[in-house]
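Okay, structure first, notes after.
We just call them A, B and C in the order they show up, numbering each chain from 1.
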């Protein structure tokens, strides 16, 4: 017969209080380290705002509000007005949205309701691969493939057919507002499509069934039960695309021509906030020049943050409302 | 009242037309991908040779040479940026998932998402002001810092999203066994979510590997092998950019080759992400 | 195949009313309202050997029954017995599931609804449906919801639409409650009102048959009894098929009852007979609550 003795473990983990203390110390340290990691987010935010304000302080003092209304950007005379770059940013992003939003929503409709089930995942993966192509590669392709094609065939056609509009008048350089808009459209397609798809997927099936039961055709079901229901979320997807387009740098820099420009012709070279910085930062010889570029960065930052906040709010309230309703 | 659908043929035609339009949209969206891959291979593959991968750039206008230093430079920058960005991001993600209060966490998440939308060139400007100006020179450190700035909010959010999926019961079981919280996290929670966390890191690395703008005035670029991290360093995207806007045909040709290599790198990363994330803790869509 | 019969033509199909006291024959044919039809009555829906498959899984096994015009037929059975699938096969709604497959024959007043030349869109206009959970279109007002089906079919005339709105809302016993706020959003109504709105919406396109999939299961008892009263009223002009898991509701509201179990139609007959003297033991077990 075995006489087993079961050793009992004392409740306190180690002789003395050292054991308990080291556990508490370990926990506290780890907690603090993790907290520090999380707070880096706040630090980064503060950092970016501080550095940009600091860098642009000279220009802010010197130009004040005229920076935003000034139409002349002249490094030679040290006159810096940001309006041409703001104009270029708005127009190229606007063109990108006009092209990418209908295409993206149409593709999202296809992926949620029309495509055969087996095709859906592969296609979604393909679109994600599109998003993985680096900006500079799009710029390269845009510069050497797209631009010559547009300049040789499409733009002359546009000018011939729609030349009565001031949009399509003027000399055709190839690089310029329209080309950069097209490249931007290609680059924001993945995000507009995937967010639209998420939005459309969160439309309850019951809505579609209600329309089908009334004898609606497939398109009518999409129109009545899905698109109008998802209006707000789709708009958020478009605004997200806008945010992405505004901040896009390299591809735009390579095909827009980098000339401060405000005018009607879409064929004319122009510049965006990001492309201006990218092109001229290393050449900024004077303090005021560099400071003005910092201020361009500040404007860019402000606009992108604002647009992104609005977009996130729209998409989030839509999709969480849907998941809450289903639950 | 007769409710027969007299316009039925019109409705049917309209439905078919609109559906056809949507299919067209999908095709148009996929088209650029095919075009890019086609041209990359057509224009770039022929320039890929041993000299390209191992050689240094020649002077302007002189044909030949390679992007060896740029490829290595990109890897160096990635490694440096990850060393800075990954630990911070992961620890921050751990905080959001395991500690923290409701309010502070909401704010941190919100601002992390905002930071994710900051254009990368702005980070370049910040790194310029923080590192290049004081050091009075461009360096690999500056470039890596700019890239790390991009990685941190990205890794933080993906880590948090993955950790939240780990079932509560694991934590409770570990605590009930007498493990202190930090050990629970380090030994049990993090390893369980390992796959998802690595996926997030790979995604961030893939995103950052292709970035050019933040390096324009931080890392600057270099025609030689970089041995000193306090000096400018070459990077593949930078080299592609400089070569493509140059007037020299040979450099343009090399730009295509470089782009092919870069896209191959990022695609490999995406592929490994996909392979990795088909594990137990993939996010359910 | 021409499936564009107008509602006027369908009204000549004779009535079939079961005698609630009990022993009427399961098929219709007693007193025609007007001395119109001479041929034997055409059932509203005649189902022959219907089998429904989802992929490899067979959900309905060779079901055959006839649904009389202007009567309420209840479909009862435990969860998973296939009653919803049966209902949905009557207006081809199950086709929304890609792996579905159907064998057998279903005829709407004699016309094959599964024939190759017939489009589901037309079938669904003639056989309307109300769902378990009310689903008015939230971006439309009450009035817009009612006439959305009409608009789709090309009706543009404003007076006609207004008339039909009032008519349908009255039929759904909702007119008095909403007549002053037709422009209010549909989702501002209560659950029970929304369901009646969905009924009005379905009725506005003047279907010949109305299918109801557990229409009151998500509603409180007061709203439920309003729906049941509504069904009794509607029975005078419409053929109604209602799926319900509430046996008392079936007993209260229907003329005929079909009992399904595990994909089989176990028994079908006048409601009174099914509940008081069922022929099958399984039916008896179910209606007396021994299982289900």
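The definition used in the following text is that a contact is a pair of C-beta atoms (placed from the backbone, for glycine too) under 8 Å apart; a residue touches a chain by one contact, two chains touch by 3 or more.
Owing to the predicted nature of the structure, the values given are computational and were not obtained by experimental measurement.
A.B. asks: Closest chain to the protein CA centroid?
C.D. replies: Here the chain at the core of the arrangement is A.
A.B. asks: With contacts counted as defined, which of the two, A-C or B-C, has more C-beta pairs across the interface?
C.D. replies: The greater number of contacts lies at A-C.
A.B. asks: Using mean CA coordinates as chain centres, what's the chain A-chain B distance in Å?
C.D. replies: 14
A.B. asks: Just the number, please: Cα centre separation of chain A and chain C in whole Å.
C.D. replies: Computed from C-alpha means, the inter-chain centre distance equals 50 Å.
A.B. asks: Roughly how many whole angstrom separate the Cα centroids of chain B and chain C?
C.D. replies: So the centroids are 55 Å from each other.
A.B. asks: Going by the touch rule set out above, which residues of chain A reach two or more other chains?
C.D. replies: 215, 217, 220
A.B. asks: Chain B: which residues touch two or more other chains?
C.D. replies: 5, 11-12
A.B. asks: Among the residues of chain C, pick out those that touch two or more other chains and give their numbers.
C.D. replies: 121-122, 125, 152-153, 205
A.B. asks: Using the touch definition up top, name the residues of chain B that touch chain C in the complex.
C.D. replies: The touching residues are 1-8, 11-12.
A.B. asks: Looking at the complex, which residues from chain A come into contact with chain C?
C.D. replies: Residues in contact with chain C: 116-117, 204, 206-217, 220, 224-225, 228-229, 231.
A.B. asks: Across the complex, what residues on chain C touch chain A?
C.D. replies: 91, 93, 96, 98, 121-126, 128-131, 133, 135-140, 148-149, 152-153, 198, 201-202, 205
A.B. asks: Report the residues of chain C in contact with chain B in the complex, numbered from low to high.
C.D. replies: Contact set of chain C toward chain B: 4, 6-7, 119, 121-122, 125, 150, 152-155, 160, 164, 205-206.
A.B. asks: For a test of understanding, state which residues of chain A touch chain B in their complex under the given definition.
C.D. replies: 13, 23-24, 26-27, 29-31, 33-42, 44-45, 47-48, 51-52, 54-55, 102-107, 109-111, 114-115, 123, 125-130, 132-141, 143-145, 186, 189, 193, 215, 217-220, 222, 243-244, 246-250, 254, 274, 277-278, 281-282, 294, 297, 300-301, 304-305, 308-309, 312
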